[in-house]
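Have a look at this one before I ask anything.
Chains: A, B, C, D, E, F, G and H, in written order; residue numbering restarts at 1 for each.
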Amino acid sequence: MDEQVVVVALQEQKVYSRPRALTAETTNYCPGCTHGLINKLIAEVIDELGIQENTISVSPVGCAVFFYRYLVLDGVVAPHGRAPAVATGIKRMLPDRVVITYQGDGDMAAIGMSEIVWTAMRGENITAFFVNNANYGMTGGQMAPTTLAGQVTTTSPQGRDVETMGMPTRMAEMLAGLPGSAYVARCATYDARTIRDARNAIRLALRAQMAGAGFSMVEFLSSCPTNWGLSPQEALQWIKQTMVAYYPLGEFKVSEAVQRLKAKR
Amino acid sequence: MPKGRIVIHVEACKGCQLCTSVCPSGLIRMSASFNRKGYRPAELVDPTGRCTGCALCAMICPDAAIEVYREAKVKPHAAPPVEEVVVIVTEPA
Amino acid sequence: MQTSVVIAGFGGQGVLFAGLILAYAAMDKELYVTWYPSYGPEMRGGTASATVVLGDEEIGSPVVRHPDIVIAMNGPSFRKYEPLVKPGGMLFYNASLIADAGTRTDIRYVAVPANAIAAEIGDTRVANAVMVGALAAVTGILPLEALVETVERHMPPARRAMVFPNQEALRRGAQVVAGLGQPVAS
Amino acid sequence: MAKELLKGNIAIAEAALRAGVDAYFGYPITPQTELLEHMSRRMPELGRVFLQAESEIAAINMVYGAACTGAWAMTSSSGPGISLMQEGLSYIALSDVPAVVVDIMRGGPGLGNIQPSQADYNQLTRGGGHGDYRCIVLAPATVQEAIDLTVLAFDLADKYRAVAILAGDGLIGQMMEPAELPPMRQRSRTPPPWALTGARGRPPNSITAFSIAAETLEAMNWQLQAKLQRIREREVRYEAWLTEDAELLVVAFGSVGRIAKTAVREARAYGVRAGLIRPITLWPFPYAPIAQAAARVKAVLVVEMNAGQMVDDVRMAVCGQAPVHFHGRPGGSVPVPEEILERIMTLSKEG
Amino acid sequence: MAKELLKGNIAIAEAALRAGVDAYFGYPITPQTELLEHMSRRMPELGRVFLQAESEIAAINMVYGAACTGAWAMTSSSGPGISLMQEGLSYIALSDVPAVVVDIMRGGPGLGNIQPSQADYNQLTRGGGHGDYRCIVLAPATVQEAIDLTVLAFDLADKYRAVAILAGDGLIGQMMEPAELPPMRQRSRTPPPWALTGARGRPPNSITAFSIAAETLEAMNWQLQAKLQRIREREVRYEAWLTEDAELLVVAFGSVGRIAKTAVREARAYGVRAGLIRPITLWPFPYAPIAQAAARVKAVLVVEMNAGQMVDDVRMAVCGQAPVHFHGRPGGSVPVPEEILERIMTLSKEG
Amino acid sequence: MDEQVVVVALQEQKVYSRPRALTAETTNYCPGCTHGLINKLIAEVIDELGIQENTISVSPVGCAVFFYRYLVLDGVVAPHGRAPAVATGIKRMLPDRVVITYQGDGDMAAIGMSEIVWTAMRGENITAFFVNNANYGMTGGQMAPTTLAGQVTTTSPQGRDVETMGMPTRMAEMLAGLPGSAYVARCATYDARTIRDARNAIRLALRAQMAGAGFSMVEFLSSCPTNWGLSPQEALQWIKQTMVAYYPLGEFKVSEAVQRLKAKR
Amino acid sequence: MQTSVVIAGFGGQGVLFAGLILAYAAMDKELYVTWYPSYGPEMRGGTASATVVLGDEEIGSPVVRHPDIVIAMNGPSFRKYEPLVKPGGMLFYNASLIADAGTRTDIRYVAVPANAIAAEIGDTRVANAVMVGALAAVTGILPLEALVETVERHMPPARRAMVFPNQEALRRGAQVVAGLGQPVAS
Amino acid sequence: MPKGRIVIHVEACKGCQLCTSVCPSGLIRMSASFNRKGYRPAELVDPTGRCTGCALCAMICPDAAIEVYREAKVKPHAAPPVEEVVVIVTEPA
């Protein structure tokens, strides 16, 4: 080692800070809700890819309705469930911008089913971030499409009865099955490894869009400590132990074009 | 072991305790006082300098309330691989 | 005669429940009463308030711009509602969390160390009931015993364990203001 | 039955149960969600049908289907959801099947917010959907009235095979008040002769909002209009208070009606002879009583929790007999007695 | 340019192209489908955006998205589809982005039929969606006017950042008439400062129909109302014909306006001094001109291709100065000159 | 052979007549349109199963809007795309009735995507008949979700461009992939064999419903001679030679319960 | 002066196109004109009609209850429109398909064996133009040559091959009524 | 070969010619005259009695315009299997 390196070794380096693409505003999310974490991860990747000035967001109706205020992006709030249609309108006008939607499970999988299926089906070149917290968070914890079998919510007081309500919806699998989707993955954020994987999935989804590969979607198993009646840590454990069993993590669709991107890194 | 240090933005913290649960050395605890929003913010209690700057706490913080500093041999262009720890060496917006 | 009460604080401080104690007691006394909640923009944990209007005649508006009485459970609520209290009205505040000093001369301030008292009872969640007890004792709009009975009568089965701590809190709230002496008449 | 302290939304749900609703289909939306939640627990308890639909569009169409079987079916929502139901409502209206819809109005337009509002007045009373139709619209001012009008909504929907809408505002849905629920009604569940039940031993029934030829669709329309006319003639409801000697008439509905009452009372205390008409049926609208009351006053003040919608109906009723003024608060703000009183006092000085 | 024999739907589509529309999103529905079809061919030819949406709900939300980028975006439909767009329209209305919607009205309610109608009047002029808003509504009576008003719709939508609706009826959409198209306009495509284009070198823009606090949403609403008031003051359009000396005023819009013209002409031939006001803007409605004309007549006759909707606006305008009569044909039937003439003659005898 | 048999052998027997469940009314379908044939097949199976007095139909908006008048059934016309929701409302009230929807490809796969997916997802115990004629017939031949790649329609004058409109929708495959579906098949009616298979699929779907097995759906590749600009025979050939290549015939989902039914016959 | 013409028949008989010939010719002559189609409930192949109103002043209604002139291409149209023709008006009918005899005395009937003539020309699809030619010759509302030119001028490129058969049909239609002699004046 | 016969309901027929295209013996042709709806209906031309009553024509007829009769040895309960040919021995509704 030469002298110069030793000197430098004493320097303190900032290794983690608030991403630039995140505004200074405190979010309205409840304490420990991973909505915030997912917002942050998206901001980090936007910083990393240097696309903050080139990206337009479409916020949902749901706990993330303020997404447009949390990210330093041009943005619009779509009617409940219609974010993919609004995003389509934007992207068709501005094909060289990155267009992202951020949607809850009620928003995307219930009222917005048609719009997301059609956006995937047409292979619209946008990226949808899908936050699956197994209930309608914002309205106070009603049963969502993704509510697990037997899970108690304010509208399934006896637990979700799959006889009358069907099995929970696996959006990643469903959208992966459509010809227009290029990249579909399901992630979680309950520990360092899953957070890293989530960030990688976000990155790949956005790179897919930037490469014009078609529709990309990243599903996140997300916590809702408030409506689940759990502490934030317990909520993460519940995701890990209970949700993942029904909603396996991983990549469900990697089109050839995306495969090539992935190889390139 | 590298030496590290974290800064918690008191007003951004919602007291969710996720950071306390992930710190490998248990160096974070909740403050006795409230912030303006009425939460008890997290604080670093590291009298013996055991923080390694591993950034696990910051990674999991849903409110981006934690900044992490680490003493390191600075080789030019040798930032830790992004896949492992996000290195975004800028100030918050 | 009608009296309007606003109880405001953080979402977790039980302000809606405190309003319910008043509303149920008023109903049990066969008074007219309305209870109306309001939430801040946060999903949870933000600010919340309950407005209770009670009296012996049909109630028009369940919302009021200038309440007769305010219970402020935290600093932001104190600062928001202090200027709104009707001249001649009262502002009860949770002295455990609020350091601010009152600035108006046309209303009465009643400081109650509600969190501290609740902690003594063994459950900080009943700080709200401490404030209600204080309010009852000072204003007399409802007798303390009516409130105590109401808690017994209307507590939902799942929360029966909270009956006693709440009753205790009501009583201690009443006592502590008695100890502080009657507030000045305006 | 004794009075209970009831939240408007819960009271409406429970009143619907007791009136005899057979099926509930709905989707969460603030400030109405407690209604859905209450139904999710109570309907299965009673062996009736509860289904959380995937959207408001699905909900109203499930209501349509259930209603076609002769069942009493209902849904509930708020502004954005009610907008999505307009196509379905238009179909139901021409189909001659009964249905009950609850709208707990919130601040709009668009996503707006979740604060109380009365800004769906035009949408509800003018048939927000396409084509010539109206729905019966009932606006309660208290939790007790919300209960009573819920029962009435079912009875009117059934009687006229029409859509009856309970137009609550966020205040009514969210507030609690002592109120008395009716006893559980034992309703005959024999399907009416027009219902779709399977064409057993009779020619098939069909239900449509459709006829390809102009002449037949026109005939269906005139039939619908005749029914609406019958409703106009028979079902107008309103509350008149201190109008006999009034020199200033206040018109307000729903929760604003009760808020205005306080202002009117206070105005009287100041010596201003104010009076109040509170329309209870927003459609059919009480044109005649307002016209009569207006004949005797110096001015009319319409107060709404919106930017001015019912005021058009009042203008039509008053028909130039007195100036019609408007005081409104859109976007989720609630007009309080103080500001109404102020307007009354100013107008009384002007007059 | 020379006149061409143009079908209303095609004329509107081509006029939109020439006015400078950047994007069209739509879904088939009779009697408007030729408009969509024409766009499917012409927009790609011109390098502009055409997308057949999966539904009217998707279409209006695509319009919303495209409009957010500063583009001139449009959709077209008929009754049922317009009903489905109400939520989206309510969002757009509070978002202050421009959009153009064409409604080629057909018989309703419900599925109704595909014959001409004017029964969406209330829905279009009262804001069929939730919340306090209005759209600019333009009603052409000829193919030429359909062209001119299409261009105007874009200009007004752009000027006021509002929704402008071209309210055609099935007659206008389906008929052919010689008409002249405007030249292709060369429009600047620089996005306006409020548009979403990526926050490059400026703070982010956001577009919402939303504000959680009552005060701020109320402020947004009053701003919207102020804009609507400006439109009311500046953009009223109508045609008055033979009203100067009229003793009987006919009010009719769109294709019924021209049909009524024939009746008025014939009435004059029989010596009855009839006159016509044809509202061109259905919103803002020409209250003042009608009020003025009504002051001089013995009776007013409103003729509509529905069961009576605009008649309320006319009543408000006339405000008791003369009796207001109504003649209407709902469900896809077209009132012909003969029947209007008959009403005119009867009324002139009565008066 | 004994004498008696010889005598009987001379008797003429009616071996094919108009099914009872079909009304005498002449349909509004164009000459040679297989909508009529599919209506007839459904009527035949209803006769066969003896469920005419126990069945309620939900008609679509499309060329089949008069389905309710062609079958001797109680029936209602649903708003465009909403037949499954209307059917759900009916079935939830009358679980012991047979409830069927009949929908075109625009109706089910475009505007009605959300309703059909959700009805399948919940496993509503109804049967959906899906008539895929690769365009919007009633409105005059616009591009439908099912329009083939490159197919010219009045709104895809250059042929369907899969780059901007995505690949044609395969509803049978998609619905088969959802957990709530019990029986899903795709049929055609271009010759005696496919007609027989179609009838069998209809029968099995209805029997599945009668057995409470859950959601069943039969897709038909159907002709639209008018809008395709082909003669009725040519149209059948186009189905056989072109459509079937992209839309393979067969059963895509046979749940265990239905498998058992099938074994029983 | 305005004249209203309704052309009605089966969907496949080209009644809309027949109306278009009239409308284009009127436009080319700088007359006012409207053309309005209507379809029966069938998807295709049902009944259809076109209403053409033309004249030298602005046209009010593009639809008429009692047309001046009707061309009935088939039996159902004949039966539907016969009672609707304005007194003093004319009913042209396709005698190749319509066996019915006229029953009114206040209108003129003109029988044209349109299908037969079209078959002679070699394309039964131009039976519609035969009827239009006959109409022109009898009524004179538009000169035959204007119609012939119009077909040439406005036939879309894809259907150029139909120009000549249509022109021929117009002429033959005119001839045949000339051959039949002028109809009685009413 | 069994002997058969078909009856075509003239007013129900739309002249689509699908039956003509499937008859194995080419026994169906289109009439020269029109029915009330304006279609040329199909008609059986079977002077030599070649129709087997195979019902292929009836099966494909979208308008249920064809009835098929067949001479057969009637064994009780021996109707042709439903999977092959629908046997619905009733009159149209």
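We take it that a contact is a pair of C-beta atoms (placed from the backbone, for glycine too) under 8 Å apart; a residue touches a chain by one contact, two chains touch by 3 or more.
Just so it is clear, the model here is predicted, and its values are computed rather than measured.
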| item | value |
| --- | --- |
| Co-neighbours of chain H and chain C - touch as defined | none |
| Centroid-based (C-alpha) most distant chain relative to chain F | C |
| Between the pairs A-D and A-E, the one where more C-beta pairs touch | A-E |
| Whole-Å gap between the CA centroids of chain B and chain E | 59 |
| Whole-Å gap between the CA centroids of chain A and chain C | 42 |
| Gap in Å, rounded to a whole number, between the CA centres of chain D and chain C | 34 |
| Junction residues of chain C - those touching two or more other chains | 41, 45 |
| Per-residue multi-chain contacts in chain A, two or more chains | 29-31, 33, 65, 72, 77, 79, 110-111, 113-114, 118, 138, 145, 164-165 |
| Where chain H touches two or more other chains at once, by residue number | 14, 37, 39 |
| Of all residues in chain F, those that touch chain H in their complex | 5, 8-24, 26-27, 29-37, 40, 44, 47-48, 72, 189, 191-192, 195-196, 199-200, 225, 231-233, 236 |
| Residue ranges of chain B touching chain C (in the complex, touch as defined) | 14, 34, 36-39 |
| Chain D contact footprint on chain E (complex, rising order) | 57, 78-80, 82-84, 86-87, 90-95, 105, 107-115, 117, 119-120, 122-123, 126-133, 208-222, 224-225, 306-309, 312, 315-316, 319-321, 329-334 |
| Interface residues, chain D side, partner chain C - complex | 3, 5, 171, 174-178, 255, 258-263, 265, 334, 336-339 |
| In the complex with chain F, residue positions of chain E that touch it | 27-30, 33, 36-37, 40-41, 44, 51-52, 54-56, 80, 110-111 |
